[in-house]
Structure formats: C-alpha cells, structure tokens
C-alpha cells in the first residue's frame, strides 16, 4: 500500500491512465491544484457548452479536458527536456498553467462570455492571483517562487522564455491537442483524430529564437494532418448549424433575463444574488464568480419556466426541452443584403407575435484552421515553424501548398436564426436567400 | 433537402449514426417520444450517478444511454423479425419500452433511490401512464393501441409474449448491452467490451417456450465473454471503493437534509417545494417528480454550503468539492464482527467530534454477473438458454464450467465508510480488520 | 444448422463481419467467385508490395482487400438502390467487378509491373474473359447475361451507365475507400481514417448526367476529409523514402535476373518455366500467368542467394535480408541538375566496385490526391461533384478553397537511390544536393 | 538528422511507435539482432500458421510478433527496474530472449512441428548457439558476457533468477500479452483485448521467492480479465473448427510428400535439398534449417499441383485453392466410441475412392486458459501469484472463484476431419455422433 500511496491515477478515456507521482514536486503541485475548490468547480461546466443538444455524446466537462491538457503538456515537457536541459526549470509552470488555463470559464463556457461581455482568461488570472486555494498552493510551492504571477504572465503571453506560452496557447498547443482528440471521441466523429505522439516527438525548443519548432518531414505531415483535423472539426462540430442555433437561443434567453431584472426590479420569479450580479454586469468578486456554473444557470432557467414574463418563460422552455431555434445559411456575404434578410425575417416573426429582438438574429462564423503571423492584426498568430530534413527553417505555409490554401481561404458565413414556427413563412418569403429552411 | 427531411440522425460515440426514419411508424414514434419534455429531462441525470468523481470520463447522461438502448433493441428486432414474422408486431412496443425504461430515474439515478425508498421503475410507469406528453403520443399511435398500458406491462414483466420483456430487461438485454459498452467507452476501460453484433446475430425467439434463445457455439462463447465483461465492470467500476464512498456521502447528505427540514421547520437555508416533498417522502405528483434532476439537487447542495446546520454544510462541502469519504474493505463476513467494527469506528469518529450517524456507515456489495432461475427467490432471474450446434437446448451454466463457477461464486463484501480525517485513528485501532486504511 | 447454411461470413478487421447470403443471386455469385482458383491466388500477393519492410504491419494480401472493396461496394449499392431503382439491375455487376478488379495483379503488385512493362488491369480482363473458373461462373450466372464482357467494359470504362465504373474506379471509389482504411489499420497510422459511412450515405446517382454525386454539406466535408486522408497516406506511407528504396531494389533485382537469363542462357542457377517467360517478356498464357505470385518470386530470389552471378546474388541477399538501398531526396526539380547528380552518384558507386546500372537510380514521386477533369490529359480524372444544401451542383474544388489548393499544388519530388555503403562517399561529394544522407 | 540517427522506430499497429535508442546498450543489441539474417527470416513465417484461411486478417508474421514481445518486455522491464534495482542487470538478457524466443519456428509455425516431430524451441537454442549472425552479435555484446548461453538457459528455464524466464515464458508472459492483443487486432475480434498497461503496472519482482507477483485488487481483476480473453481466443480463434481442418490438411499433405519421397526415390516432381532433408527427418544443419520458411514450403506445394502422385497433387490443390477439409465435433469423449467413429468414417471415404490414411483423421483439442502448479505433471505451470491489498499472498485460483472454475473445467473435445465430398455420406451413416455435418 505504501508503495502506491504517492501515486494518483486519473483513468481518462483519451489518454488512458494519467499517473501523477507526488514524490515529484511538479506533479505533487498538480495533484494539490486539482483538489482545490476552484478547480473542482470545472466539473460543473460543460466543455462544449450546449453542443450536447446536437452531438449527444458531448457531455464532458472542463475538468476532464483540463486534466487532459496538463497530461499532454507533461508528455511534451518530457520530450523538450530530453533535448533542452533548461526546459526542466519550466516544468511546474507549464503543468500548472496547462491545468489552470480554463479555470475562469463561466456557465456554458463560451456561450455566455459573448453575451455578457466578459473574458474567461481574465477570470482565470483573477482566480489564480486572488484569495483562493489555488493561490495559496502556488505560493507554498517552494521549487519555483512567484508561480502565480508567472502563470498569469504565461496566460497573457508576456512571460519569457516565450515558448512556455506557446506550449499552452498557440496554434500548436496542448489545449488544441487535447480538445480535438477529446471532442472527436465524445461526439463519435473521426474528424478530429491526428497523430499526437508523432507531433510531440517532433517538437523541439529553438532556443536561439525562443520558440517551438517542428522537426522533419514526418513532423510536418503530422502537423498538416492536425490542421486538417481542426478544419474538419470546426466545419462539422463546432460550427454545426444546430449548435449555432442552440447558442443563439441561450444568448437571447440570458439577454431577456437581464432585461426582466433590470426593467422590472423584484419581478423576476427567481434569482440568487450571484447570478443577479453576473447577469446585470455588477462588479463580481472572485468568490461570487466562483459560485457560477452550469448547474446554477440551468436551475435558474428551470425556475423561469414558470416566470410571469412570457418571453423569458418561453425561451426557458425552448432551452430546457430542447426546442431550439433553427439556423439557415444566408446565401450572401454582402452586409446590406444580410441586413435586408434579417429585416425581412424580423417582420415575419413579428407578424407571428414574436418579439424580433429575442427571436431573430444573424450569426457569423469563420475561422482559419491555421494562420501565419500577421503583425498588423490585433492578436497576430504565432507561426508554426518547421525545420525540414534538409535543414531549412520555414513557416509552415511556405512549405506546404495545402496549408497555404488553408491560410488563404475565406471561411466566413452568415446564418439567420429564427424559431421553428417561422420556417414555413420564411420559406414563402425569403427562401431563395437561405439554405435549409425546413421544419426539421 | 426533402429527401432527408424524414430522417433524424443521432451521432453516438458507441453506435455511430443512429438513423431514425419517420416514414416508418415505429421510428416516427421514437422520434416523437425523444422530443417530449419528460424524455429530455434525462439529459440532466447522470447515467452513472456520482461515478465521475472516480472515473472522470463518466459524465454521460441517461438520455444518451436510453437512445442507445433503443438503438440496440432496434437492431435486435431486425434480427428477430427476419426469423420470426410475428416479432414485427411487437416492434413499436419494444422500441418504445427500450427508450422509456429509465424515464423514471431521479437525481443521481440509483444513489438517491435507496436512501429515500422509492423505485425508479414505478416512476417510469407513472410517467408513461400519467398526464404527460409521452402518454399523449403513445395514445395517438394508431398502429398499436393501448401502447402505454402495454409498456407498463412489459416493464412489470406481465406482458405476453414474455420475450418482449426479456429484450428490455433480463440477463441478456439491450439495457446491459448498451451500458457495458458505453460505460467502458466513457471510463476508458477495456473491461466492458464484448462482441455485441455476434450476440445479436445469435439470438432467436423460441416461440414454443416464449423466450429468447442463443444459437450455436459462436453465440455461446460471445455470451460468456459478455458475462465476463459484466463481472469485470462490476468489480472494477460500479463497485469501485471510491464509488461506494461517494455514494455513501451523498446518501448521508440527503439523510441530513431531510432531518434538518423535518426537525427544524423553516430553518433550512434553501429548499424549493418539489425538493422538499421529495426529500420528506411527501406524495409527489408526476408533474412535481419531473422537476427533479441532478441540476436541481446539485443546486440545493451548493446553496447548503452556507447552511447554518454544520453537518449539512460540511457534507455539502465534501460533496461539491469532492472531498469524499474513504472506504475500507472489512476482512470479515461475520455479521457480529462487522457490527463490532462499525461500533468501534463510530466511537473513533465520535471522539473526533463527528456525528457517527452521518459520518460512519457499512455498505455491502455483491452480485452475480449471471444467475440461473431460482424459483424460490423473490426476483428469480430469467435463464440464458443456448441451443448448441448439436441441437441440445440447455441453460448456459450447464454447458459452460466457467459460467457455472460465476453462478456459484460468493461475491459479497462489506465496506466501512468514514471521513478521511479518521484514517489515522482507525488505522491505530482496527486496521487489522480492514484493507486500505490510508490517507489518500 | 440449416438456418445458417446459406450464409458465408468473412470476419474482417476493417469492416467486421462481412455476411454473404447465398439466397441472394448477387451474393451467391460473389461467394462462388471467391472460391475460384484464380481469386484464391490473391492470398499470395501482398497488398502493399514490399511496404512491410518499412511498416511492419503491412503484411496483408490483395485477397483481403478485394473482399473489402466488394463489401464497401455492396453497402454503397444498398444506398444507391434505396434512391434509384434502376441501380438494383447493376448490383451483381458492381459486386463482381469490385471483387475482381485486382485479380490480374502479379508478384508484389505494382512493383514488378513497371519494370516488366505490363498492366495488371489487362491481366484482370484476360483472366475474366479467359478459360478460367471465374469465366465459367460468370457465364453460368443467369440473372445477368454476358457478365464477363460487362465487367471488362466496366474496368475499361466503356460501360453504360458510366456511374457503375465510378463506383469501382474513380477519385471517389470503393477501392480507395477500402485501401485507405485498411492500410491505416495495418500500418498503425491514423492518417488514412475518414468517415466512410457518412460519405456512403451522401452519395446519389445523378441519372441525368450519368454520374455519382455527393449530396449536402456533411457529405462535402466528409469527402474533403477523405482527400486529406489520401494526401497524408501518400506522403507518409506509400511514398515513404524507405518504400521507394525497397521498390527500387526489387526492380533492379528483376532487371538483373532478366539480364542473366538473356545474356547467359542456361546459366542462371534456378528458374522455372513460367517465371522465365514472365521475366523475359515472353507471350504468357493466362494459365502461366496465374502461377505467378509473391511466393514464387520470393522462392526464386531465395535460390538466387547462391547464384554464380555476383550482382544477382548480392541484390537477392539485400532483398531477402532486408538490407535495402537508401533514398535521399534531391533538392532540385531541374532535369539537368538531377541528371548531373545521378551521374555523380554513378561515378561514386562505380569507384566502389558497384555496377551503377544496378546500384543507382533516380525515382520521381508526385501525385495529386484529387484532380478535376482535364480533357487534354491522357487519363483525365472524373470530377467529384457536389450538390450543396442550396441546390448548387459544382465540381468540388470550386466549392472548397482547400481542395482547390490540393489541385494546384505541385507534389513532384526526385529521389536518388543508392547502396548504404555509398552513403559516406556521397555525403562527401554531393551532400548539398541531397536530403538525408545518412548511414541509418 | 544527427539528432535522430541513434533512434530506430518500428511503427506497430498494436503498440504504436516502438522506438529503440542505439545509445542504450540493450536497445542497440536489439537493433542489431533484428537486422540479422536469421531474424529477418521470421518475416516469411506466418504468425498463425494457416489461420488466414479462416480469419482473413490473420496474415501477419512471426517477425512482427517477436518485435512486439520484445517491446512489451521492455515496458515490463522499466516497471520492474523502478522497484527492483537488480532487474536492470537482466535487461539485455530479457529483451534479447523476448525477441528471439520464436526464432526457431519452421514453416507455418506449429503446424509442421507436430507432423515432423521437432521442437521449435530446440531450434531457437541451436540458432542462438550456432554459427550465426545472432551468435556473433551476442558474443560481441560487452555489457553482459556469455549472453547466448544465458538466453538458452532462460528458454530452457534453468536460468537464475527464475523470474527472468517467467517474463518471457509463463502463464503471465510478454509472449501471450502480445499475441492475444495482436491476434485480436488482426482477426478483428474483440475477444483477446485486455488491460495490458494495468497488468504491467501491477507486476513486481518478489525477490525472496524469485518470482513475479501481481499486486493489488486492480491487478488481480486485470489478470482475470486477461485469462478470460485467453479462454475466448482459444475457443473462438485458435481452436476454430475450420482452423483444425486446415491444419490437418497441411499435416496430411506433408505426410504424403514424405511418403512419396521415401517410397519412390527420385520420383517426386520437385524438391530442393533442404526441404527433402527436413521432410525425411534427415540431420539438418542450422544453415539448412534456416532456408526453411512458408515461402519455400508453399512453392513446393504449388509445384506439387502437377505431381504425378494423385494423392499429393490432390492434397496440394486443396491447400493452395483453399478447398480444405471439414471438421465435425464428435459427441463423445469415450476412446472406444471415438475409435469406432473414425473407423466408420475411414470406410465411408475409402468407398468413395479416398485413401483413408490421408483423408480421415481425429484431432483432439483441449487446454486450460490457466492452471496452477501441479508438480506431478511433466511440464507443471508456474503459478500466478497475487498479493492482495490486505497483504495476503496467494495463488490466483485460491482468491477467485471464477478462476478456480477455469482451472477445474474440462475442455477436451474430439473432432473428425474428412473431405467435404464425404459430408453427405457421413451424415447418412454417423451423423448422430457428430455436430455440424454440412456441405458448407
């Protein structure tokens, strides 16, 4: 018994046994961080927001994903350290950051972030720096002082050496490695699979330029395959039409709840203090923020099924009973045309008695599965850099014509979101402008 | 678009695409039942109760499992119908029952059932027969009248032909087929894997004796392998020590909440009406019962973190923050010895200031992965019957020495459950009677 | 027993149970064709030539692959027939062609074809039309007269409707579907995986234009993913440097054996009649050709280990004992430069005592994972055509920027092949022109 | 390039990348041994003899399996060494023995061994000790002198410490670990899957008693599951009726070839020297033995298709064209009854013009998936020993009632083997004594 007392094992469906050895300082730190109140909260936040409405297997939590990212980062550390001695100094920092990078997520992850205008990474930083169990454990970690500050720097990408940030957050990071494999596994698609071990083994630290580098043709092909996997997962899962519709529904619901609270003080049928502050943009303390999770929001929505406000109760019922909105792709990229279509749709639903502010919206999707560094952009991407077998060191899209195409492609699309009841009417009026106007 | 409008597809990680064709009456019925308020509620109930505390991947819901059982039943129907024409008449009944068999589950599935003394199958029957969307859809199904009554009969095993019940609930049923594969997949163990397709293809209806029968040596070996899978999943997952401890913690928490409500009326910090009725054993209506789910109970527990009752708030904190009890196997099967050990443990924890009624318990585990029909028992099992290649028809354990052993084995074990703080003290006093007294 | 007597089951690692029902004419035909002497011969021909020298798992045969292609074609038929009644008329033809498309392959599949200047599809046609068991079974098939002629037409792409040929041989055919999945599985790479079921379900017959068509966005993305899979498999497996080197070695060995036979009549240490005819370009009868397989060629090479011709025995020893040549990528696409590099290499190895005609060669690789129809080319490709959700019908690369890039990319590369003993010398003289000059 | 020059990678479908680092002496040794002529010969010997006639995917070689066993042994070494320092001294010995344990296999592995009365392990020892490349490499290994002798001792189970032998050959050895997983994968069955990593992690060296020991409940359950896997694989794959029939056919063919050579000197149509010595029991040198493989025997059988001896040519045609014998289970365990059935069958086939010595046989099957140590037996099995969580150390069957049953079960069965042409006649005369007398 004593023999194994120092080991903690997480049996994970993606990575199999994740064994943490408490006799190693960095791994002991990880175990202690997992056991904090703040990290355990991630068990109550869905990894994929409301995607389980569309992909029934997508029921996993941020907790599981975060442990997975930490594990991948640990494997990558092993490889980096075998080639670059100094990497060992960063191990605790890398593992802790990988574990905690999502600790600031709120209810249904990204869905509410946008509507309420906050940023989960800011909250990650506040939780790490604040008066929390996490902070206390980080402060007590004797091997690497000031760990909390360092983690915040890594998350904000101001830490040096910079490759530490890249391990956790870049176009080739352990976060994406884990979520592509995990979301593929959970949703039951093959699209997100790629050769993780081969990529990990091909990564080196390029100390001179302070960056990670992919080495060799095998590594390059494996990375290309990973970018294709990412492309397919966005196209098939993350930006699935029904997913957009479910997210839009939740967004409208939250908007309406805020409206009811603000416009009719004391009239909402149920609201707890923390949720009220959060919804109305009050100045939330870290302690308050940490009470928020999917359970809390879902419970409120269930209670609002009987709210006297008819829009709030209707939107709540649609959400709880999965009678989500419809999404149709708009056959245009022209802003004026799109605006006109939205206007027409608003009229159609208004005539049916729906408030168009809560029952119609236009969403845009668009992403590049990979992009090279564009210094003029607000958040320029870190290049994926390859050293070929002949010794050339180049940015990936310069080496691969298919990746060049991924970079150049325009993937923007616009979607009209509306209640299923309006399908027929919309198909009579503006069907030609839309794809997929159906009743199913 | 019109072409596929009649198809509904659920992408499932276990069974891949589950395609339902609305142009077929039984499958249209299934689609309509899935869309009911009552069935959607299963999305908010964990399939494996609190097992995700031990196996992090075990985060799936009853919803996904139920759709899976229906799918397996549908495949089995295809096979039975290809050999027994009359089976086609039962298709809608079989699919609907497979889908709905778990619709009566409450918060955290089996965990609360035991503490509060209700039976989820009774609730399944009430929901199917009650004033519900499900009942309405069943009543409107023109192909097979009185479907609601028939489903209840199937669940209560009074329906004839009896093999219909066996498809959904027996020692070789679609429920077990789905959950073994699914729980293996979600937890990341290989233990529950078996050759489902081979078993399905080997099953026939033995009309003369009104039962299902496994045909041929290949079928027999596949069924044996399935029973081994079941044995290993119980040993490794369902009866995992930490699982027992987590369940016991939740049980004690619920017991304490009921105590606080009953003993100090109006004093509990937060309780909604339905939860109060449920906890205190009131006569719940179907409508009230249907508001219950993991979300609702979890929200209450979160609120009780600040309850003035110190025991309730402490147990809530242990549950929410995953500081669950410890479980040690008792090295005895003798009731008196076990009682004595429990008494000693109660004294130890009492001295530490814990109320032993809420901080110590003994749980027993024990099951046979397969049992033959024992008419003297309260719930005798339906035999698994095999027709060998030479034409013999026998109960499985008569054909297979290993299965005979599974039947004869005694798998009962007793476990002492206690708070982690008591580990050291217990190891000083009664360690010899226990296995695994550790602080981890 | 009688019940299952009509079923034949092949347990396949890729497609699981492939069940053939003799009570259905097309499937009985397939069973009878599999049982012919000519088809069983495919068990003795490796699917991937000499790739098992590089990917140790690649030990499967053309037999297994051919059964797999037939199975995929059968599933595709089911789907096409559910939408296009007339497709049922072509089922036997499609299944038989899918099964037999590779029946003309010779020893080590493609490797010897090139050196000896024959075409395996010609031999497929000769075997199907000739005095063979296959021909006899086809002639006896009463449901579809003149089947042998039709199969030949399908293989030669002159059959109408033309979509029948596309099922078996096009850029979206059952041959590729099977080999990508199978080769991925056998080599242990994830690169070739794609969503076969989703693609199959998205295919329709476009009767008006006599072609297959991919329907819907889901279908389009799945097809794109399949093309990425194909791209990666070529880059990582089929054109792996060591594979090129092993193939070149076998080619030189065969060239030398032919030389020894032709230049020194009666002096080769061992040769049977059929192998002699084959190697020396004699006019082989179908009966003679059918004696050829990997076993026969491998046995000859083993015997040549002791051949008095030193080059033949040396090349044989390198092949049998896997001391294969090296391949280095030439850092140039300029024909004159490449020629110059080859000349230098010839000088280097000549100085070491090797005959450069047998110890040095340049191989080119290059393929497009997908190409659109280019009418000016000798073998123009059949377009992959998509009908989008909005009803547009377009060639794939016009819809997808990434596929457009795949089409436009230039993937040609040149490789210098030489004996490992020359690595050091080559690295002294022309290393700058090469990648990967190593001793390992 | 230099960076990776010291690594050799085998991409294996079961274990993924098997990376060997030449900078570690034991791994460099392994690389050098793999590259020998004698080890490369294993590429030409099927791992599962003639099982690919029944399970089409079973086309892998002894080469691939042997590399796999070495890899598993290497992982086990890592674990043993982390707990028992002295284990490091045995690493090179363990890896080399794991790699070479099957190097003495002859054509079609076990099939010919029995007919011709030799033992592949004797040949493994001769090859390791003889004048071979393997011997030379072992002698040159400076870290561990006398390695060839030690390997022979390990194979003969006279080496001390004895646990070294157990790693390679026992009831819980790396050979079985690899072949169960590999054969499951290749045949496409789920039966042989088990939790390899969990077993490996639970194994310790019990130095006091010089044995391996399984630690903990988790380890015990994983080992039980592995034994169930082994049981199912024997029942479903290795002892599959058609496998028995194919093996018997090859056995009779070899017996007839020997007869023709011995009775009619110079009359057999084709035979090379080494094959002649082997078939007629001559005193083969190691050099001669090493020319034997599946290629050589298959080529002979192909040539014998036209042998003037009608029995030899007929048996050859059945083998090459997969028109194998039939096997029916005899419904009796009584030696006299079995003898009588065989006699009747001999009469039936004799009347049809077949020589019963070559067209009828009785085969017995029977094995225990696990057995405890029975000192009175010729080859007593090494116990699987478990240390439970409570510290008890016991032989496995004493801890587990199901394993106790596996030990006690009687799995012997007898099979009548005969040509398919005799099925009808046999079903008229002795069908009642048989199972499965069919024409398919």
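Should a chain be cited, it is by its letter among A, B, C and D, assigned in written order, with residues numbered from 1 in that chain.
Methods note: contacts are C-beta pairs under 8 Å (C-beta built on N, C-alpha and C of every residue); 3 or more make two chains touch, one makes a residue touch a chain.
Bear in mind that the values here come from a model prediction, so they are computed numbers and not experimental data.
Common neighbours of chain A and chain B under the contact definition above: C, D.
At the far end from chain C, in terms of centres built from Cα atoms, lies B. Looking at which of C-D and B-D shares more C-beta pairs in contact, the answer is the pair C-D. Judged by shared residue numbers over all numbers used at their interface, chain B and chain C contact each other through mostly the same positions, with over half in common. One finds 42 Å separating the Cα centroids of chain B and chain D.
Centre-to-centre, using mean CA coordinates, chain B is 50 Å away from chain C. Centre-to-centre, using mean CA coordinates, chain C is 32 Å away from chain D.
Residues of chain A in contact with at least two other chains: 1, 16, 189, 389, 436. By the touch criterion given at the top, residues 1, 5, 8, 10-14, 16, 35, 37, 40, 43-44, 52, 55-57, 59-61, 63-64, 67, 185-189, 272, 291, 294-296, 298-299, 302-303, 320-323, 436, 438-440 of chain C touch chain D in their complex.
The residues of chain A lying in touch with chain C in their complex are 189-191, 193-195, 218, 221, 224-225, 228, 231-232, 235-236, 329, 331, 388-390, 401-402, 404-406, 408-411, 434-436. Across the interface of their complex, chain C is touched by residues 1, 3-4, 16-17, 83, 197-198, 201, 215-216, 389 of chain B.
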